[in-house]
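After this come two complexes, each holding chain A, first together with chain B and then together with chain C.
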Partner chain A sequence: MSFTAFVDGPFWYFSATVFLIGVLWRLVGMLSMGSKPDFSTPRKSGTAAAIGINLTRFFPRADFWSRIRLQVVAGYLFHLGLFALLFFAAPHIEFYREYITGFGWTALPEWAFILVSEIAFLGLMLLILHRMLNPVTRAISDRGDYIGSLLIFLVMLTGCLALARSHEVLRVTHFFLAELLLIYFPFSALMHTFTFPFSRGFMGAHYGRRGVNV
Partner chain B sequence: MAIDMNVFRGFAEQIKMLPQMARPTDCPDNERVNHLKAVFSTKIDASNATQLESCVHCGLCAEACQFYIQTEDPELTPIHKLDLLKRYYRREKAPLRWLHRLIEPDITEADLEATQHLVYESCTECGRCGLVCPMGIDIAAMVHVTREGLAHAGLIPAGLRAVEQEQGSRGTVFGVGPDQLRQAAEELRAKGHEVPIDKAKADVLVLTSTIDVLLFKDALEATVKVMNHLGLDWTIHSCAFEGANFGLLSGYSEVQKSASERITSQAIALGAKMVIVPECGHAYPALRWAGANAHGAPLPFEVMALSEFLGREVMAGRLQLNPIGTGKHVTYHDPCKIGRHGGVFDEPRAVLEALGVDMREMPSNRTANFCCGGGAGLFVMEKAEPMRNAAFDLKRQQVEATGADSVVTACGSCRINLMAGAGRTQWTTPIESLVELVGANLK
Partner chain C sequence: MSFFGPRGSGWQLSTLLLAGLLLFIPLPATAQEKAPTSPITVPNPATDLWRAVRQREGAAAGQTQVRGVETGVLIEQRGEAFREYRRRDFIGNAGIFIGVIAGLVLLFYILRGRINIPGGRSGRRVKRFADFERTLHWFTAIVFIFLALTGLTLLFGRFVVLPVFGAEAFGVIASACKEGHNLFGPLFLVAVVLLFIRFAWRNLPSRGDLTWLAKGGGIVGKAHVSAGFFNAGEKIWFWSVILLGIAVSVSGLVLIFPILGQSREIMQLALMVHGIAAVIFIAGSFGHIYIGTIGTEGSLESMTTGYVDENWAEAHHDRWHAEVMAQPGRSADRSGADTTGTMRTTADKA
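And then the complex of A and B:
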């Protein structure tokens, strides 16, 4: 079996399986720990607050803006750019149609693809530089943070290089790295993609019961 | 409303002596880690798990922390304070614990000692860091879990341990028990106030605190005046008057529960419909939010912070106040445990509005308010002094930015820390009690 066939076939199924089972394993493992009952009389609904914080927490409080704007802007550039690339890049839509959904949807025009790629790259680079240069993030970051950042950077880089699809080796390299990222994902802090609604929800409910909008 | 500064200085001296009064812990050195793990094991739940798993090490929490803002020391980054809990979680509870055990070392006694300073003397559990976290990680709650673990491992700082031990063994705080309460009541009676102590039945059980009995006597007097002015069927009970809960502050849950249950059982015996917590920040969540869980069932009475009660009475029109005058410019310091952790924001402001003062909010106010620096027991921890000072300096900047003539608050610990800072820096802005302002201006 050629490397291309391996990447397009068995390794794809293997990485997708590790990703799905790993994510589910961790989520179910965390949530099955349950919570003790809270007998205090709530001031307001915790459930409403859990939902509310999941929306409001996308927008940082004005109180903190002057101290956190770089991280917030960089974070938004990266995450929005990555989201657009993941779900609206023509080659990805074609991939989803062929391997997962069976149907496709409207893709970004090529100029928009290039634009969002640059936006995502800019955001990612700023975040990596901030992690390396800021005394706080440098002190609290671990190997996993750098491995995740590096993998995402390489996946995005090879993805952009493979855009023209004129070189099969670039496409296969991009796909292979994306598969490595899928395997790494459930073992890493990239899991925040799925855990943040729960994390926010628990906090929102805790404070919401007390009538505090956090 | 003058405070006897000799008493204040004496109180400060007494706090300095606390470490010498602490008894040795009964936890053997070689059992510390096991005791900590036993506590962590019972405390980790889905909430902690999803929050510990969500951190991306963005460091934003540091930008909300008064101690980091003032010192720029990365060691004080709030999420870093959870490293011990996180390591326990990863190795013992996480779905991937089998993997983490291969790559992360086990917890050692040295790790516990290294964490003690971070969660006790460098964190007031104010919760401001939780406001900025994009993942919604409630760091303060998990700092408290870490305190609970360390407390059961015998690693409560000596000053705080001395008071916790006193409250746990004798039921008193700073030596204030039923006799001292009765003496304070006699002093108030001599001034012409009716002070019902130990009534068999009452609608309202009023708590006070050692700080009010010893130091802020005017706050206690004002509380008595308000209760009588409103014509309530109320009492203070000599067996259950102390609102402060050093079990909660230290993380020693057995003392927290016994202190809380003492009040709850007395309130039930009285047939009380309401328990009013004094101007003591942590006393409010200790009973209002944690009391029912210590009791194991919903409390059959309402729990109100004094500032909350005053505001409610004002808003309902039952409590009318003489306006002080619009020439008085004040700012209000929200005690973290009553505001951000308790949801009491509008009520004290309603009181100030009724007093007719010119209210000026600090740049960071209400939910985003900065802690005074003395919360969560820091005011009795000797080694926390640099942190308290740093927080005070920031709070002073916040107050001065308003141009207010005085700062009003509704927490005795906040007052102590602000007064200590004012004394250190020769800051002349008055630090006033909300209930004292009310007591002096009853219509």
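And then the complex of A and C:
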């Protein structure tokens, strides 16, 4: 079996399975932990606070803005750019239609595809550099953070190198790295993609019940 | 006897007529060689067609359904001439230029060696660059190096990469480099604009710059040359980065987007501006990288940690060092062995 056939076939099914089962396993595990019963009289609605904090945390607190504006701006650039790339780039929609959904949807025009790629790269590179250069983020970052960042960067880079779609080897390299990322995903901090509403909600409910203005 | 007599008149008349006819019969080949005549011209429609296609006398557009610049021109002679010039002259000279500059930097290192901090390290550190400034610097550096590597591969690949890796591998490498170069190019423009916004005011000409230049920044002789936050050499590099960065970025955008209606002359001009500016930029970066790393002790850490040793600051940027020392609370900071994170400097205020 050629490497291309391996990447397009068995390794794709393996990585997709690891990703799906891994993500579900971690989400179910986290949610099934539950929380200790709180018998105190709630001062405010925990549910309302959980929903509220999920929305308010999209915006930085004014007190911190001057110190975290780089992370906030770069973070939005990267996440929005990556989202648009993942779900609205024509080659990706083609892939989803062929391998997963069986149907496609409207893709971004070529110029918009290029633009969001630029935006995503700008954000990701600034975030990685900030993680490495800022003494605080450097101190709290572990190897897993760098591996996740590097894998995402390499997947994006190889994707951009394969844009012409003129050489199979470039596409296969991109696909192979994306599959490695899928396997790594459930075991890393990249899980925040799915867990952030729950962690925000838990914190909002926990403090909201006590009347803390979160 | 009469010539036209009844017995001999028929024979004689026949002879006369035959002789007259002989005058109109074409001469044999041997006779033709002796008396050359002009050849028969047979017009060749293919010759005329290709002469018209190549348009040696100048471009003349034909008719086509395709709408765009020069879409009616089949073969553009000036484009071919430009391509030949670029391959034959420009690429060779660019390679020589880059090689010579790299050689000069190496020669300087061999002759001068590393410039150490006078008096050694003090153990006390001064904050020089804020986090954002260092992030911006490395972002620019990474994008620049990526663009330089992919650009040089595209420029010299046919002569360097192709013979080593073969046509198929070179096709893959060239395609990847082209796509990567085109995608990262606009990011460099963003970096240049951010660099300008962040650092321009500290790179404006100031007193002492001419003196610094006159003394070659201390290269000539061993004497110390006074400087502020940035010396004149760093200012020249900064403005070179801005100007060359704008040149390569704007010319690059012209090349990436040929759909904007630009003419062939504009595209050729953009390609030459892009190539020349990039080659100068890359060669200049050798000096910047050399001075910032192995050439000067203690310089690199200003961009890795954001701090420099006090003695380094005093030796290379004495006026800025004096400003930092004059700040309130500075004397208390100096009591410790390491004043990391406790001083507010120009970098913080910026």
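In the analysis below, the second predicted complex is superposed on the first by the 211 of 214 C-alpha atoms of A that agree within 3 Å, B and C clash if a C-alpha of one lies under 4 Å from a C-alpha of the other, contacts with A are read in each partner's own complex, and residues count from 1 in each chain.
Criterion: a residue touches a chain if its C-beta (ideal position, glycine included) is under 8 Å from a C-beta of that chain, and two chains touch if they have at least 3 such contacts.
Everything numeric in this text was worked out from a predicted model, so none of it was measured.
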Could you classify chain B and chain C on chain A, in the superposed arrangement, as clash or fit? fit
More residues of chain A are touched by which chain, chain B or chain C? B
Pick one for A:106: touches chain B only (first), chain C only (second), both, or neither. neither
In the overlaid three-chain picture, which partner chain does A:2 touch, first (chain B) or second (chain C), both, or neither? neither
Contacts of A:53 with chain B and chain C, given as first, second, both or neither: first
State whether A:134 touches chain B only (first), chain C only (second), both chains, or neither. both
So, does A:170 touch the first partner chain B, the second partner chain C, both, or neither? second
Angle at the Cα centre of chain A spanned by the Cα centres of chain C and chain B: state it in steps of 10 degrees. 120
Go through the superposed model and pick first if A:39 touches only chain B, second if only chain C, both, or neither. first
A:200 in the overlay: touching chain B, chain C, both, or neither? Say first, second, both or neither. first
In whole Å, what is the nearest CA distance you get between chain B and chain C after the fit? 6
Set intersection of chain A contacts, chain C complex versus chain B complex: 134-135
Help me check something: in the complex, which residues belonging to chain A touch chain C? 70, 114, 117-118, 121-122, 125-126, 129-130, 133-135, 157, 160-164, 166-167, 169-170
Enumerate the contact residues on chain C facing chain A in the complex. 131-132, 134-135, 138-139, 142-143, 171-172, 175-176, 178-180, 183-184, 186-187, 190, 304, 306, 341
Write out the stretch or stretches of chain A touching chain B in their complex. 25-26, 28-36, 38-41, 43-44, 53, 57, 60-61, 63-64, 67-68, 71, 75, 131, 134-142, 145, 187, 189, 191-192, 195-196, 198-204, 206-207, 210-214
Where on chain B does chain A make contact in their complex? 44-51, 53-60, 62-64, 68-69, 72, 74-75, 77, 79-80, 93-96, 99, 130-132, 134-138, 141, 288-293, 295-299, 302, 339-343, 364, 367-368
